[in-house]
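Below is the structure I would like to discuss, written out as structure tokens.
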Amino acid sequence: MDPVDRLIELALEEDIGPGDITTDPLLPADALGRGVVRAKEDLVLCGLDVFRRVFARLDAAVACRSGCRDGERIAAGRAVLTAEGPLPSLLRGERTALNFLQRLSGVATHTSRWVAALGDGPARLVDTRKTTPGWRVLEKYAVRVGGARNHRMGLFDGVLIKDNHIAAAGGIRPAVEAVRRSASHLVRIEVETADLDQVDEALAAGVDVIMLDNMDPDRIRRATARIAGRARVEVSGGVTLERLPALAAAGVDLISAGALTHQARAVDLSMKIERT
Amino acid sequence: MDPVDRLIELALEEDIGPGDITTDPLLPADALGRGVVRAKEDLVLCGLDVFRRVFARLDAAVACRSGCRDGERIAAGRAVLTAEGPLPSLLRGERTALNFLQRLSGVATHTSRWVAALGDGPARLVDTRKTTPGWRVLEKYAVRVGGARNHRMGLFDGVLIKDNHIAAAGGIRPAVEAVRRSASHLVRIEVETADLDQVDEALAAGVDVIMLDNMDPDRIRRATARIAGRARVEVSGGVTLERLPALAAAGVDLISAGALTHQARAVDLSMKIERT
Amino acid sequence: MDPVDRLIELALEEDIGPGDITTDPLLPADALGRGVVRAKEDLVLCGLDVFRRVFARLDAAVACRSGCRDGERIAAGRAVLTAEGPLPSLLRGERTALNFLQRLSGVATHTSRWVAALGDGPARLVDTRKTTPGWRVLEKYAVRVGGARNHRMGLFDGVLIKDNHIAAAGGIRPAVEAVRRSASHLVRIEVETADLDQVDEALAAGVDVIMLDNMDPDRIRRATARIAGRARVEVSGGVTLERLPALAAAGVDLISAGALTHQARAVDLSMKIERT
Amino acid sequence: MDPVDRLIELALEEDIGPGDITTDPLLPADALGRGVVRAKEDLVLCGLDVFRRVFARLDAAVACRSGCRDGERIAAGRAVLTAEGPLPSLLRGERTALNFLQRLSGVATHTSRWVAALGDGPARLVDTRKTTPGWRVLEKYAVRVGGARNHRMGLFDGVLIKDNHIAAAGGIRPAVEAVRRSASHLVRIEVETADLDQVDEALAAGVDVIMLDNMDPDRIRRATARIAGRARVEVSGGVTLERLPALAAAGVDLISAGALTHQARAVDLSMKIERT
Amino acid sequence: MDPVDRLIELALEEDIGPGDITTDPLLPADALGRGVVRAKEDLVLCGLDVFRRVFARLDAAVACRSGCRDGERIAAGRAVLTAEGPLPSLLRGERTALNFLQRLSGVATHTSRWVAALGDGPARLVDTRKTTPGWRVLEKYAVRVGGARNHRMGLFDGVLIKDNHIAAAGGIRPAVEAVRRSASHLVRIEVETADLDQVDEALAAGVDVIMLDNMDPDRIRRATARIAGRARVEVSGGVTLERLPALAAAGVDLISAGALTHQARAVDLSMKIERT
Amino acid sequence: MDPVDRLIELALEEDIGPGDITTDPLLPADALGRGVVRAKEDLVLCGLDVFRRVFARLDAAVACRSGCRDGERIAAGRAVLTAEGPLPSLLRGERTALNFLQRLSGVATHTSRWVAALGDGPARLVDTRKTTPGWRVLEKYAVRVGGARNHRMGLFDGVLIKDNHIAAAGGIRPAVEAVRRSASHLVRIEVETADLDQVDEALAAGVDVIMLDNMDPDRIRRATARIAGRARVEVSGGVTLERLPALAAAGVDLISAGALTHQARAVDLSMKIERT
């Protein structure tokens, strides 16, 4: 099963368990209703499809429709989505569907602020693997919706040689060579460097991307100058919203920030349900 | 399978997928290593057992030990946990295990600030169902570790009659009666009220707990006075850290805040791995 | 997946395995048929929805309809349900669907006899956790359909402190206090007592429900008198259909009997299938 | 996963759900205990291995040992099994493990009475597919432990052509021929017959086993005489414990009775747990 | 879940993983298309239903139709199937659906050559358990489609006593007796024999089928003569396409060959997809 | 669960189902044995770890040891692996474990012949996505063991723009640009070309890899000359073992062949099991 469906299933089961002991005895099974989801603060909307899938898994008779699309800026108070169908199912799924929409819109909204702060230069803002466990595909999607780009999805679709790998292999060159013998030709090799000597080693090994880890602005500028387009340059570590313009000005290609996902908070959306 | 194990499995699969294309070709399968997890900011620790279970599921040969316990306040810089075993497994599991620890410690740390702001009176701070989908059991645990209490776990272990239920049933009394005919004698009945008339209706129906939803301080005081101990009183809606002392002073029994979970952010912990 | 769907899936797989080696070579895949389910003894019907879900999971083209409802008393010989659709699917699902209906109607029928024996007083008849493993939700539902009530669904939606817990905690009071610090405010606390001293201890600890375990009628009357409405009273242990009136007369609130589920037998229903 | 493991998992999850809210706050996680299981009525023991597997799945640190074996007759009061390990795990698994043991021993005990009633002749008593959904492998095992034999396990390991198949295929001969073209040479073909004409047809088609469905004793004798050893003879339908000797005397090879499983009740066993 | 559905799910997940990074950004989600599957060599078609199920699981909006049926001989160049629906889903499912069709048609085509080589005598060609792990039901189906028969499906639907069993039981007779006490009356007993003495032992034990393992033609003829119809005769081991006529001439009933499945290769089919 | 573990589980379930009806009644559960796996033809060994995992999942008490390693050339007759433990488990797992080892060694052996035919030049032989459904990770591993390289693992870890994508996007340039806006910087972009005009377009769009699809040797040489190192060159389509040297001589970087996996056959290995 698709990882998103597995997370949805897990979420519905943890909330509903053996049954909704409030709704079940109260409502006739055939009561119908309508729920309207409304933004309660300004936000970048994200998660319409997941919201719909939560209800689809719970009860195929619930229909969701929306005049908005993911990535749209929504002002507080605006209605973004309507769900119609069996009232007991609307009540059972409301909290879970909203929890998804609130967190994904939170990540997209948060990311969009970082993207705005970065400005229009060639440097790209990218995420990391510091995502909420179980949410990798969804949060990486929300980052794209918020206007930033994705780093690799996981350990399987990109090579990133870190300090531990370098130490274990006895240097950057042997590490790169070992990986190059095995990796698919469609995957690039990135190496994490801590100082300019390692940058030189990485260049000598012919890597595709060089990550400058936790370097100060001066060293970043010197490293970028030395690389001189022979590899793409990523800065990582200690990246804050305030530092973005300076990092971009240093001429790097990529700025990665775990904060896009792990410092995002849910935004406020509510669902008003009525019997119809 | 236990919901926590299912989330751990999902998290490992989304990160590792068909394999770690960096580590696998680089390291001999029998290389050994040690990783030390360290706090990089002040925090309330939470998630030691989940951290251990991530590695247990990945490779039973990884052993974790810690001199700390969940709930302990940790100063920045302190080592909190050591994992030892096959080096490739340490590298494969590092990110996922840390992502769990960072979020759970984040919720516990965030909650502990709210608990401190509430002070020592009889009012209890409780969470809600606004948790990260897939994380219900874990985040409710982190809330307890942070010093607050849990509201019901889901729709199955407590009755909470909301406005939609009341409207559907034609009033508080018929709603309460319908549920009472069906609920186990070990479960209490709570009713959400929007004004003092509904508080009176709820009292007349003999409910166990009355939720005052989005009321201002004055109305909360009047409601509490009218209830006069005949039911427990919960306030909900628009609760902020700043309002906690005033709410507590209004004599309520329970203050519920979704912010304990949905406004928490990950705290910073890192893992330094070495070959041994 | 919903626990009932998981049980249905398990049941279909254990019966069909890699295929129905009789039906598959015999019947054209597009043959249509109709099956009529008929009671072969007097019974209280229970399980119409599960019957339908067995076929829904097997083949969405099978349609079930019934003029009866769960809880209805059915005389021997009456038709209770018709299933129509692909004949091979009807033949493949018949036994499994009937096995569900026969057992659930068996529990409902058995329970309804106990309810009749109890009579009209205020005492409620409740079930226990002595259900068929894998069938908890279904059998508890059949108990309600048969006219009795449910005790807690499992270990998670009600507190029941038993002799082992009391011994481990060093007395009723410390046990109650430990649980009270942790339990949600929507869950009540029940304590099992073996004698009047324990009843006094439980009252002193302010518990919500007191279980009188395996006490004789005289002791039950004395305990009930001493409790005097300060807690609800449940009797448990050695409850038989014959003893019900006497127990009810002793003034208890709840009478729990594992026999409702573990002494029930399947009732007889058959399904006659024809090609159409 | 093995169907028995799947049922055990389902059973543990339905009982424990998100946690044991009584035991968890009361007991230190490292408390140890011992539970002794004792028969509370005379019974044929069955299910020792499943009992052990319930605890193995819950907590590998629980060890079970028994001086008895499945199939042994146990007198009321005798201890049959001891489980030792973490006390919280013993308390969490007790009810589920016992529920398995009680039902399986119930089926074995019930079956053993039928076997005794049948006496020592050549006729075999066999079960049917009227088992508790989810329990096929376990209940068929309990039938063997009780001294009877198994009919086919499901639709996949034996051919049984019933009235619906005969009607659909246009007669016994075409039905048998269609199946014979497809079935493995290791599987026998049995045909259900309603009268002597069908018995003749089945003999002419060369079937391996002829089922006499719901025939009276006289017709059974005549059918058996006509078959005269050219096929094995099974009687089915309306078989009661009282009729067993007469059926056996009619010279049939096999007597099948759904009652072995669907009329069995749980027998009484209890588990006394102490802290050690 | 059905084993075929489980294999389909596994196959789709291993190919699509977290997403199709080529198709997703390129195509509008609502683009429609049509794919035509064409044979690129002469083949016996097999797997139309699995092909359809791959797309059904991926996207219910894809419709497949075919004017062919499994078992039909298809000349190179002929169109065998058309799939229509959302273009992104056609692109995502193409490879997986084709991989199934290519292998199953490969097994059916390969088998049909062996069947032709065997000729028209009474000897049946049967498969073995040497199938591709995960593909048992599918490959056994392809063998039937190719014109041969199935041996038992697995260890559960037929008894085959091999040399190891005989050694462990202390001879053929005790082995047969032990199994006969336990097996259902609908299952036959086959014994593997290595020489004529074992054939005699097997006949004396009254087995249903005797397997002559790795015997030369002369010994096969002598064994068949000695058995003289008292049991069916299967030859196994070292069976090649070239030896089939000689084996059939030796008068055996069954010739089993693992090569039907484990020496089959995929045949060539392609799918041309266009936007519509 | 890991895809390999899921395939192993599926394979064991399809073979063992509800039980091994030959072994179970014959052998005492505590009988011990040893099985020795031997090559029956010359082969390149592959699958030792999967073999071990089959038994680990079946019974943790079975221990496998081997003096060989994957990739080793094994002469017919050599013992490659020994498994020891409970005899019933050895008999139950033998066929499934061997079926894995036979197919994986078959793919490795087959691949090694192609690698030898290719010779020592710079051109790499790579596989495709034409693998046995469910076996992607395993067969790609066997290809590496046989000495060739892997193309992308699936649709998620490399961009391959095919004719359908180009048509849908309205040309190579717009297709490449759309993907480039979305893909991670660690993934390369490959475009399939049918003629030299498309090669020029691909070069103009700055792609990383150009696939020459089904071109004749002359056109391949001209395309390679025109590309002149500005992109890597892959040839695909109609690749046979015989054509390998000529393709390599044409100066391409990569030669992809689905035949490495879909034309491989199982090699012969047997397991001799004895009671110990």
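Letters A, B, C, D, E and F mark the chains in the order given here, with residues in each chain numbered from 1 onward.
Keep this in mind: a residue touches a chain if its C-beta (ideal position, glycine included) is under 8 Å from a C-beta of that chain, and two chains touch if they have at least 3 such contacts.
Predicted model, so just to flag it, every value in this text is computed and none were measured.
The chains that touch subunit B as well as subunit F are A, C, D, E.
Looking at subunit A and subunit E, the chains in contact with each of them are B, C, D, F. Seen from the C-alpha centroid of subunit C, the farthest chain centroid is that of F.
Counting C-beta pairs in contact across A-B and across D-F shows that the higher total falls to A-B. Although subunit A and subunit F carry the same sequence, what matters here is overlap: shared residue numbers make up over half of all numbers found at their interface. On superposing C-alpha atoms, the copy subunit C sits rotated by 120° relative to subunit E, to the nearest 5. The centroid of the Cα atoms in subunit B and the matching centroid in subunit C are 32 Å apart. Each chain gets one centre point, the mean of its Cα atoms, and the points for subunit C and subunit F are 52 Å apart.
If you average the Cα atoms of subunit E and of subunit F, the two centres end up 22 Å apart. In whole angstrom, the spacing between the mean C-alpha positions of subunit B and subunit D is 45. Annotation for subunit D: residues touching 2 or more other chains are 3, 13-14, 17-19, 136-137, 153-154, 156-160, 182, 184, 187. If the chains shown are joined wherever they touch, the resulting network links each chain directly to all the rest.
Put simply, subunit C touches subunit E in their complex at residues 9, 13, 17-19. Those residues of subunit B that touch subunit A in the shared complex are 3, 6-8, 10-11, 13-27, 31, 33, 87, 91-92, 95-96, 99-100, 102-103, 129-137, 153-162, 164-165, 167-169, 175, 178-179, 181-184, 187, 262-266, 273-275. Residues of subunit A touching subunit D in their complex: 14, 17-18. Within the complex, the subunit F residues that touch subunit B are 1-3, 136-137, 153-154, 156. By the touch criterion given at the top, residues 124, 126, 144, 149-153, 156-160, 182, 184-188, 190, 208-209, 232, 234, 253-254 of subunit A touch subunit F in their complex.
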